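Okay, got some structures for you below.
In what comes next, subunit A is part of two complexes: it sits with subunit B in the first one and with subunit C in the second one.
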Partner chain A sequence: MRFADRAAPALLITLTLFVFVLLYGPLMVPIVSSFFTVSHGTVDWSQPTTSAYVALTQNDSVLSALWTTLIVGAGAVVLSVALGTGLALYYASPNAKGRNFLQFIIFLPFLMPPIITGLALLIFFRQVEFERSLLTIIIGHTVFVLALVYRTILTRLQSLSGSLVEASYDLGASSWQTFRLVLLPNLSSAMAGAAILAFALSFDETMITLLVTGTQSTLPVRLWAMMRLGFTPDINALVALVLLFTTALCLIAVRYLMPASAVAGSDDN
Partner chain B sequence: MSDSAAHAGPHRLTPWLATLAAYIVPLGFVLAPMALFLVYSFFSVDHGSIVFSPTISNYVRFFTDPVFLPIFWRTCLLCLAVALLCVLFAFPVAYFLTTLRGRSRYMLLVLLLVPLLMSYVIKIYAVRSILGGNGMLNRALLATGLIDKPSMLFVFNLNAVLLTLTVLLIPFAVLPIFLSLERIPKALRHASADLGATNAQTFWRVTVPLSLPGTLSAMSFVFVLAIGDFLTPQMVGGQSGFTFGRIIYSQFGTAFNWPFGAALSVILAAVVILAIRLGGRLESKHGGAK
Partner chain C sequence: MAEAGILLKLRSVSKSYGATAILHSIDLDVRDGEFITILGPSGSGKTTILRLIGGFTQPSGGQILLDGSDIAAMPINRRPFNTVFQDYALFPHLTVEANVGYGLAVRGTPRAEITKRVADALELVQLGPLGKRFPGQLSGGQRQRVALARAIICRPRLILLDEPLAALDVELRRHMQTFLKSIQTEIRTTFLFVTHDQEEAIAMADRICVMSAGRIEQIGSPHEVYYRPGTEFVAKFFGENNLVPGTLGPVEGTTRAIDTAVGRLVCSIDGQPKIAALPAGSPALAVFRPEAVGIGDAAEGENRIAARIDQVAFGGASTMVNTAAVHQSQQILKARLQSRPDGTSLSQGETIPLVVPASACRLVAA
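Let's turn to the complex of A and B:
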């Protein structure tokens, strides 16, 4: 792309930089201040310390929230990947009935604001007298992340050549053998990527959790409760750790899901 | 249907079983709750317990009560403003992204994706620490001498909600715009240049109109995410920053009127569906022509 005037690219870069400052700048505040002590509402910049991180390891409510989050995440990942794979295979199968309607239902919780999904589940659980617990959070998260997991796996499934499956049947494989020996190995990296993405989404999910939780709180819900009280070093330390963790997850997910051409940098345009 | 299938033996039964298995979770845990919640919006509350007889009183209350309708419109306007601001910020980034190739494009895309997966609550908290009366923004403005006492323009009010939502939702706007810019065939821009158009003319008369569907779907995307949010207004909105989402949430907490909350959510859902339709329709109209 050639620009006659030099101002345009410079302006473009400046604006892009500005947006990145907007996106990342605010996050630096809690991260940096987590290493200093706060007294009377002002940060004492004279002496960096890791005391806030040490204090976190003794904070039982944070540790139990972390534990809850991990259990919920694991549950939601297992359920959503199993369901998402099954649903993607069903959608792609020639015998599928009303596949677009089914897909629409799967997408609903992702299209609708989380408050609606959360409220619908809250009313539903109450009506069928299903006590709100860890299980209701897992169900809420599964329903929420299912759309993304399903879509990721379906995209990979549809990118596979149909002749793979035909060849497998021609060679006498049963449909189970075809699934296990042909489809599954080809889907596995998409499934892994989807699983990481699902875990990352579940790890951060707050709005649905706030509505369907009983007495347990997940990490974001715990953080939410802490944050309403103010700006303290232990919140900042927790914030820094959570950011580190989600960034790592995101980078791993990207590795699995980005097409190889994007990583290698071929110009396929 | 299962009877005839059963008689036909296991081979005919399998597709039915597969269909049943495929539908059970989406119907049981998505469609049923959504349907139930629609039904709930026609119930009412009397002395703290829910009355299960149909009435449209919740909807009548929304349209006649002097409190709810103004907040509803104000929230719609707020979210429209957020959508516009996000697109304004996102467009240059998306455009810049299309000028890059290879590794640098990939890196920038990843840098845009990372904040998408970062904890929403943490992002709100981080922006709040910038916006507060004693926050970074006020300190910076004081230090540069632009103002001589902390400005309260963006402290715990609707402006704070506007700014926070914009910062939070920009990445969601970049991706659809980027995708639509990418789809514009290079030949069109070359043709425009060959016909003697300047770069500015090509940009405004070829690139911008062709990216319109992506820009509009980005707007509808951001609008939907903003209007359903109740955490941001709760955290940075203070007393004056009351939004529709907050009102819905309060019906399930302090106000304890689930049927009314359900009715308000149905109205929210209607707005969301309208926004998605508007965004999607233009996409299929223009984008499909390619």
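Let's turn to the complex of A and C:
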């Protein structure tokens, strides 16, 4: 028995490590190899170099894809936070009609395979003869990230005491004053967190973008195009950068989305 | 027509959710300047009454009249009432000062006036130095007072208090009861206070409206509901009481006899036309409080019951004695007797003559 007592934790630790290596090991490969050059199909391990990163900064197609990505991300964030806040407020209002159906509609594009969402959008844009452009990518990304933004804001909204809104009305405030002076300040950190998460999602969204884009490429789409020509160190560098960026965003988002009590001291006596 | 001295009238107000009726045809007058308490167990509909008056929910039927005119269409933010919520509902992102001044700020009151009135209100609730704190940095009792200051600052016609002391510990609660009552006296504003705590209601209210299962059981002064219960429910709701079932006998002036298992008891029916009107032979209950029971020989207008002592519980100033009536039945009667400093006590099994004055004995319909 005593052997088993000692063996079990060791086994669990080994298993956990193995899972972690399996999950995150592959991510390390492009990061590490982005610092070495490749010649004639073999990696030159002798000398680490940042040349791949330098090459990226001079690659106009990558830079313009980055620019497109930022615009799309910003557009999708603004649209989804505005829509998500409005929908969450509607869902939480006592007289909301058809709220469950509405919620189902919001979640659908997020839960369906992206290729289905993308195709549906593509078919829709063609049917209404809406020319594919930067705007169609922004719309596609908004539809995709809306569920996450909506859910994040709704969760915060529902954690607020319902009597806060009642108290505001009771003290003579209009609905606009109640939104601006009571709801918005209490939702703002959730909205910021949701915006960052939405941006991170939009930043590496590929499938929907491929389908609804016109002539523009976002960074992941550019990456996709580059890979078809074979793996080069600058692809590794780009992957490493995207990885770094999205990880950083997620870490920041977590800070904003922590319950208020965990950040600004306990709310209890 | 507005009636002098009546601030608010509820007329046949009912509320139901689907097939579930929460309130059945409530009639209630709130007098100007009074401290009225709506008292009832949970689920009795007391908070629903408060929410209907505040405008947070709409009645299913009936009218709520302010100065004689129906306020059904008046939105929450136009009603001249302010509420102290059960969870206080202080805005967590605003300081105490901003919380208290909120009602003035949203009305566009000049800043200088807000500052002055906030300072006055905080002074009134004895929170002067805490204005810059946030609600999360205050104790329960302090938050309670911020909520009160925020409600009184707009000088409402009526302040609605929804079980505001429920979250406080016993000692603080006692203190806040006195405090609330003194504030109410000082600002002379009508308070409508909802609670499930009988002692709290008796300690503060000018009038108590006792509710049960969506109906008003009785409205009266604390003394009235305590000593002259109108219904069996009220008689049982305020602590220990003696309820002896029987059948009604004849009416004699302001008294009426009831034949019970412990003999014929004569009870006062002063101010109880409904009991007086019941036909003889109707079932009813004789009700008298343990502290109204004495020992000794019955004089004119007193009821005498021979009883055997079952249990004696010394409780300081008074001693609670449980007795079983010596008669056909084993009806338990409780007597709260003054304790004797010399220590001579009543012993178990002893038979004593209990005396209940007719004036302290009331009748309620069974």
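The rule is simple: the second predicted complex is superposed on the first by the 253 of 269 C-alpha atoms of A that agree within 3 Å, B and C clash if a C-alpha of one lies under 4 Å from a C-alpha of the other, contacts with A are read in each partner's own complex, and residues count from 1 in each chain.
The rule is short, and it goes like this: a contact is a pair of C-beta atoms (placed from the backbone, for glycine too) under 8 Å apart; a residue touches a chain by one contact, two chains touch by 3 or more.
Source: prediction; values computed, not measured.
Once the two complexes are laid over each other on the shared chain, residue contacts for A:Q177 go to subunit C alone; subunit B is not touched. Touch criterion met: A:A200 reaches subunit B, while subunit C stays clear of it.
Judged by the touch definition given at the top, the superposed model places A:N186 against subunit C, while subunit B stays out of reach.
Judged by the touch definition given at the top, the superposed model places A:V242 against subunit B, while subunit C stays out of reach.
After superposition on the shared chain, subunit A has more residues touched by B, the comparison being subunit B against subunit C.
In the superposed model, A:F20 makes contact with subunit B only, not with subunit C.
By the touch criterion stated above, A:S163 is placed in contact with subunit C alone, subunit B being left untouched. Applying the stated contact rule after C-alpha superposition, one finds that A:V54 touches neither subunit B nor subunit C.
On subunit A, the patch touched by subunit B and the patch touched by subunit C overlap at residues 265-267, 269.
Here subunit C touches subunit A in the complex through residues 54, 56, 75-78, 81-83, 85-87, 89-93, 102-103, 106-107, 136-137, 139-140, 150, 154, going by the rule given at the top. Per the touch definition, subunit B reaches subunit A in the complex via residues 15, 18-19, 21-23, 25-27, 29-34, 36-37, 40, 89-90, 92-93, 95-96, 99, 101-103, 105-106, 108-123, 125-127, 129-130, 134, 136, 167, 170-171, 182, 186, 198-199, 224-225, 227-231, 235, 245, 248-249, 252, 258, 261-262, 265, 268-269, 272, 276. Contact residues on subunit A toward subunit C in their complex (touch as defined above): 161, 163-164, 166-174, 177, 181-182, 185-186, 260, 264-267, 269.
On the subunit A side of its complex with subunit B, the touching residues are 1-5, 8-9, 11-13, 15-16, 18-20, 22-27, 29-30, 41, 83, 86-87, 90, 93, 95-97, 102, 105-106, 108-109, 111-116, 119-124, 127, 139, 142-143, 146, 197, 200-201, 203-204, 206-207, 211, 220, 223-224, 227-228, 231, 235, 239, 242-243, 246-247, 249-251, 253-254, 258, 262-263, 265-267, 269.
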